[in-house]
Every structure is written in C-alpha cells, then in structure tokens.
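Data block below; observations after.
Each chain carries a letter (A, B and C) given by its place in the written order, and its residues are counted from 1.
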Amino acid sequence: MEYNWDFGAVWTYRGLLWTGLQNTIILAVVCLVLGLFFGLFVGAARYSTRPILNYPATAFVELFRNTPVLIQIMWFFFAFPIISPFQVDAFTAATLGLVLNTTAFSSEIFRAGIQSIAKGQWEAAKALGMTYMQQMKRVILPQAIRRMVPAFMNRAVELVKMTSLASVIAYGELMHQAKSIAAISFNPIEMYTAVAIFYFLLIFPFAILVRRLEIKFQPGS
Amino acid sequence: MTNVLEIKKLSKSFGDLKVLDAIDLTVSKGSTVVIIGASGSGKSTLLRCVNFMEIPSAGQIVLQGDLIGSGTGESMSYSDSELAKMRARVGMVFQHFNLFPHMTVKQNVMEGPRTVLKCNTAECERRADRYLEKVGLGWKADAYPSHLSGGQQQRVAIARALAMEPEVMLFDEATSALDPELVGEVLQTMKELADDGMTMLIVTHELGFAYTVADRVLFLSEGKILEQGDPEAVLINPKQEATKNFLRGHGSFRLPEPNLD
Amino acid sequence: MGYEWDFAIVFRDFDLLLLGLVNTLKVTGFALLFGVPLGLVLALARLYGVAIIRVPVGFVIEFLRSTPPIAQLFWFFFAMPLLLDIEIDPFEAAVITFSLQSSAFFAEVFRGGIASIDSGQWEASKALGMERNAQLRRIILPQAIKRMVPAFMERAIEVMKTTTLVGTISYADLLYEANSIAEETYRYLEVFTVAAGMYFVVIFICSMGVRHLEHYLGRTGEITTG
C-alpha cells in the first residue's frame, strides 16, 4: 500500500498555523509567568507553620494536582461563567485553568527547593543578625532557585504541551488550527503529522536544555 | 610447585596514561602475594586486570595453564562469555564489599553457585552454610546486609567469593573502607584462608598484615614492579629509595618486634 | 450570586458518570498493561542496544515525550487509520496512544532506576562470572524496580489524568459523560464540579498511596553500603 504524502495544504494554510503557533506561545508564556509568580506565594504559605496560611494553600495544591488539567480548563469554560462576575472567553478559561495548575505545581517546587537548603544556612544567617526576610532573600533563595531551575524548565515543557488542551474549548492555538485545517482540506494525515513535528521542534530544544541543567545543577556535582 | 596464575608482559593504559607497564608475575599454588604501593601506582588496576574487570591493553593472563583470550601478546581479543567463565574461577573481594542489598546474607553467598555455576539448591545451601561458617557468620545467614557491621559485610563478601570455590582469590583493599576497630576481624579471616592454603593476591595498606601473612611482597611504583621478595626483604630491608620513602610515609604501621629465634 | 445549585440532576444520571469512570480506569489499565513492559524494552534498548537500535529508540522516546498527548491521539485516531487503510475505534486509538506515550516516560523511569544502582553492584556480579542478562535480571533490576515504585505510581496517575483526552475522540470516559449530561441538562456547573470531584477522589487516594509507599520505602532504607 503506497500512500502519496502531500504537504501542500500545510503550506497553503501556513498563515493559520503561524497564528496558532503564536497563540500557543502567548498562552504558555502568560501562564508560566503568572503561575510561577503565584506559585512563590502559595509555596511560601505551604512552607509556613501557621494553619491559616498552610491549610488553604495545601487544599489548593492538592485540588489542582489531583485533578486532570483538561477538566480544570473545561470547568472554567463551561461551569465557571455561570457564577462568574465577568465574561469568560476561551483564552480566559484556558489561562485560568493553566495558571492555577502551574501555580500548584510550581509552589511545590519552591517549597521543596527551600526545604533542600541545609538548616545550617538559616542558622548562619540568623547568627549574623539577619531578619527572616533577609535570610530568605540574601541566603536561602539564591541557593534554592539555582536548584529549582531544572524543575521549572520541566514545568515549562509540560505547560507548552498542556496548552494544546485549549483546542478542546476552541481557543485558536496550534492544535486547534491544525484540527480546523484538517477538516477544511481533508488531509488529516499530513496535518496531524506536521503539527506533531511542529510541537516536537518547539519543545525538544527545551527538553535538551533541561537535561543539561539537571546534570549541571545536581547537588554535589 | 604449580603456578596458578601467570601474568605476562601485562600493560594497561587509560587514554595516554600508562598505568601498568609490562608487568610479569607468577603466583604459585597456595601462596599469598601482597602488592603494596602508593595510590596511583597501579596496584588496584593490576588486580582488576587479573580477572578482566579491566581489559588489559597488552599482555597475557594464564590461569592454571589456560591462556585467556586469543591472539598474540600485543593484541589479544576476548569474548564476553569466555571472560565470564574465567571470572567464575577467580574470587574477588572489593573495598566497598558490594553485597547485594536485596538478598539475605545466605542468598548473597548462594547467588554465584546458583546463577553462574547452575548448582542445585541443595548444593548451593551446602556451600553457603559451609563458607558462612568459615567466616564465622553462620548465625547471620538470614539477616540483610544493611543490618551488619562493615566488618561483617566484608566477611560475607569473602564467603560469597569462596562459595565459587575459586582457584585464586583477589583482595582489592578489602579493609580500606572499614572503621579501624573492624579491620582486625577481616584480616583474621584472610589470614585463616592463607593458612588453609588458598592462593591469594592481595592489595592492601596494612603493612603489618603483609609482613605476617605474605609469602612474597611486591612494591609497585609507576606501573612497574620496583622491588619484590619475602616480607623481610621488602618491608624491613628495602633496597630501593622509593620503597624506603613509601615505608617511611607509613611510619605508623606496627611491625612485630624482630624476634628471630 | 443568585445562582441556585441543583445537584439532583447530577445524581439522577450518576450511573452514567460512574460508567464513565469505569471507562477511564479501563483505558488507564490497558495503557499501563502495555506501556510498562514496553517502557522496559525501550529502556534496555536505549541503554544497551547497538547503535542502529539505540539511536532510533532514543528518537522515538524523545518524540513521544516532547509532543502533546492530544496531538498523538489525533494522529493515531484520524491519521494512522487512513495511512494504513484500517479501521480503528476510539478505545483502540486511546489504548495505542497512551500505551506508547506512557512507555516513553516509563522508559526514562527505568533508565533512571538502573542508572541509580551503585556501580559496585555491577562489579560484584561481574566478578562472580555473571553475564549482562544475569546481572540485570538477578542483581540490578530487582533493586532498581523497588526504587522506581513511587516514580511508577506517579506516572500511572499522570496516565489517568491524560486519559481525559479520549473524550475528544468520543470515547465515553468520565469527562465525556459529564459533558453530554451537561449539554442535555444545562447544569454545567453542577455536572463539571461533581465530575472534577470524582477525579479528585480517585486520584487523591492514589496520590496518598504513593506518598505512604515513598515514606515506607524511605524508612526501610533500600541503601547499598559503599
């Protein structure tokens, strides 16, 4: 059986695909930045021993780590608008789902990173007379963040992959554009092959970088 | 006296670094040969070449008259299965014991006879009981290695090697990783083996032990045997400057008082 | 907020949701059944294969790890059947996709586990005269697998989360059932909240199990001396 591959349609619709790729990147960057930002606070709350901070943060993290991200996105798209005071379009719903998901996972990275710093570092900083915030900012975080970098990059890779789920609620990112084109031009073979390759080219360099960093930042090497 | 092991013109290089330079050595049946030397002198590499944990760059190894590998001295070639069979005939004890942590002491000792020699269960058990008894650890047969002291672990490792009923035993700094108070029990076990007539090739820093147990001591320096002879000749009356310097550096080792009557 | 919650409608169709959950577990189970052994084979091929096997296997693993599962699922459901001129139903496409997808991740878990074993274990078994197969089977894998258990279970949970995608190709998993009930009743808020809750309960229980196991394995200490 010989199949004649014809990538012509992929080229014809390159404009749509380009838009999709841009939307994928926008969604990923927005969610990564916001997710890391909120993650720092949730992570700090998780690290805290005060129940008023710790309990809600823990509940939040468990909720978002233990449900599939697709149902989070669909919940924000279909269910949330019913009680939401503002308009929820596909981008907003996808952003809400992915940001909260990324917040939950990155808060765990922050927490684990801070926990991995030896107690002696806190004590040495304290003995110098530093306040808690100074200890954190000057001594602990600079060391911890170095160790967290590979984990964050890994999260970024996962996030780019997760943005493809926004296609389910018809946000015009790469996967959604591919689906639309495949339907118009009746060429699912070429279209879905091409889109898989695009994602690979987008993500693989990151994955390589993560591994390099993992080796470089391995504690004790 | 028959030669158990003959090492002929053995050389080993790692890249440009020549670690062993044309070593010749024969070990006769029942003898104990101790190799000493500074770190980096190539003594561990020599031992590891004997059972092909490292593949020699050149030279030949002859075990009980069997030449290992095929070819001439300069370019030998070895098959994996031939080397595996050869290693089964040579026992090796490591600095870090390397017991199998997922098996009990007895299972550790049975593993070689079972998997490599294909002995039946009864024979495996017989060997395990016998050699654990020999190293004085029969009572620990059902314990896991993590519950033993370092000295006990190393004695189990010796039993594991003995259970293969090897033709020669290699000891690669077997006491270097042990706390000082645990060294004695392992050396005692090794001495008993020597007294039983086991053929042994030992790399060690324990010069006092070398003095009492060795039939022959080799001083290795920069990949060559610089000096060899009986313990008295090498350890008490060395001829080479390098040997003297090395022994001076080990001034803390206690030799028994020379009591020659 | 004047919205009146009404869960009665959800519980009237609760058996459909349960059926969806069973289908979710079914896809997950089959994906693991094929994905784990395949992952071991891929890991061994990547570690010990000759170059002509090692390089393509490495590429396949990297490709599967670096593309979104939904792109893979669509390829196997829409593109592959046309390419090979075969018929395939959503369930089969899902099992193929998630088996392959998870096998790439399991391969890396296996590889990491094998690499984590102290080199002394290889040395000691080699010195006894074992060949590579015996070393792997008797000495290395039994230790590595024990260490990998938590990572495995974590991966298995990820697989379950990923299977929510099968709804997009109309396989009646939990999310798909939730969506159809919501479309019929317009009770999106209640239905999606309950469905999310069901996922949460199942996955949370699994996560707790993993954490206990990690704790337990950490305590009994699979530690190699030296």
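In this text, a residue touches a chain if its C-beta (ideal position, glycine included) is under 8 Å from a C-beta of that chain, and two chains touch if they have at least 3 such contacts.
Computed from a predicted model, the values in this text were never measured in an experiment.
Visitor: Within the chain touch network, how many edges lie on the shortest path between chain A and chain B?
Guide: Minimum step count, chain A to chain B: 2.
Visitor: Could you find the chain whose CA centre sits the greatest distance from that of chain B?
Guide: Centre of mass proxy via C-alpha means gives A as farthest from chain B.
Visitor: Weigh A-C against B-C on C-beta contact pairs and write down the one with more.
Guide: Greater number of contacting C-beta pairs: A-C.
Visitor: Taking the mean of all protein CA atoms as the centre, name the chain whose own CA mean is closest to it.
Guide: Smallest centre-to-centre distance to the global C-alpha mean: chain C.
Visitor: Where the centres are mean C-alpha positions, what is the separation of chain A from chain B, in Å?
Guide: Chain A and chain B have C-alpha centres separated by 55 Å.
Visitor: Based only on mean CA positions, could you tell me how far chain A sits from chain C in angstrom?
Guide: 19
Visitor: Between chain B and chain C, what distance separates the C-alpha centroids? Give it in angstrom.
Guide: 47
Visitor: Give the residues of chain C that touch two or more other chains, as numbers and ranges in rising order.
Guide: None at all.
Visitor: Going by the contact rule set out above, which residues of chain B touch chain C in the complex?
Guide: Residues 51, 53, 80-81, 84-92, 94-102, 111-112, 115-116, 145-146, 150, 153, 157, 160-161, 164, 177.
Visitor: Could you pull out which chain C residues touch chain B in their complex?
Guide: 118, 120-121, 123-132, 134, 138-139, 142-143, 146, 221-226
Visitor: Which residues, counting only chain C, touch chain A once they are in their complex?
Guide: Going through chain C, the ones touching chain A are 1, 3, 62-63, 65-72, 74-75, 78-79, 82-85, 160-162, 164-165, 167-168, 175, 178-179, 182, 188-189, 191-193, 195-196, 199-200, 203-204, 207.
Visitor: Would you pull the chain A residues touching chain C in the complex into a rising list?
Guide: Interface residues on the chain A side: 1, 3, 62-63, 65-72, 74-75, 78-80, 82-83, 157, 160-165, 167-168, 175, 178-179, 182, 188-189, 191-193, 195-196, 199-200, 203-204, 207.
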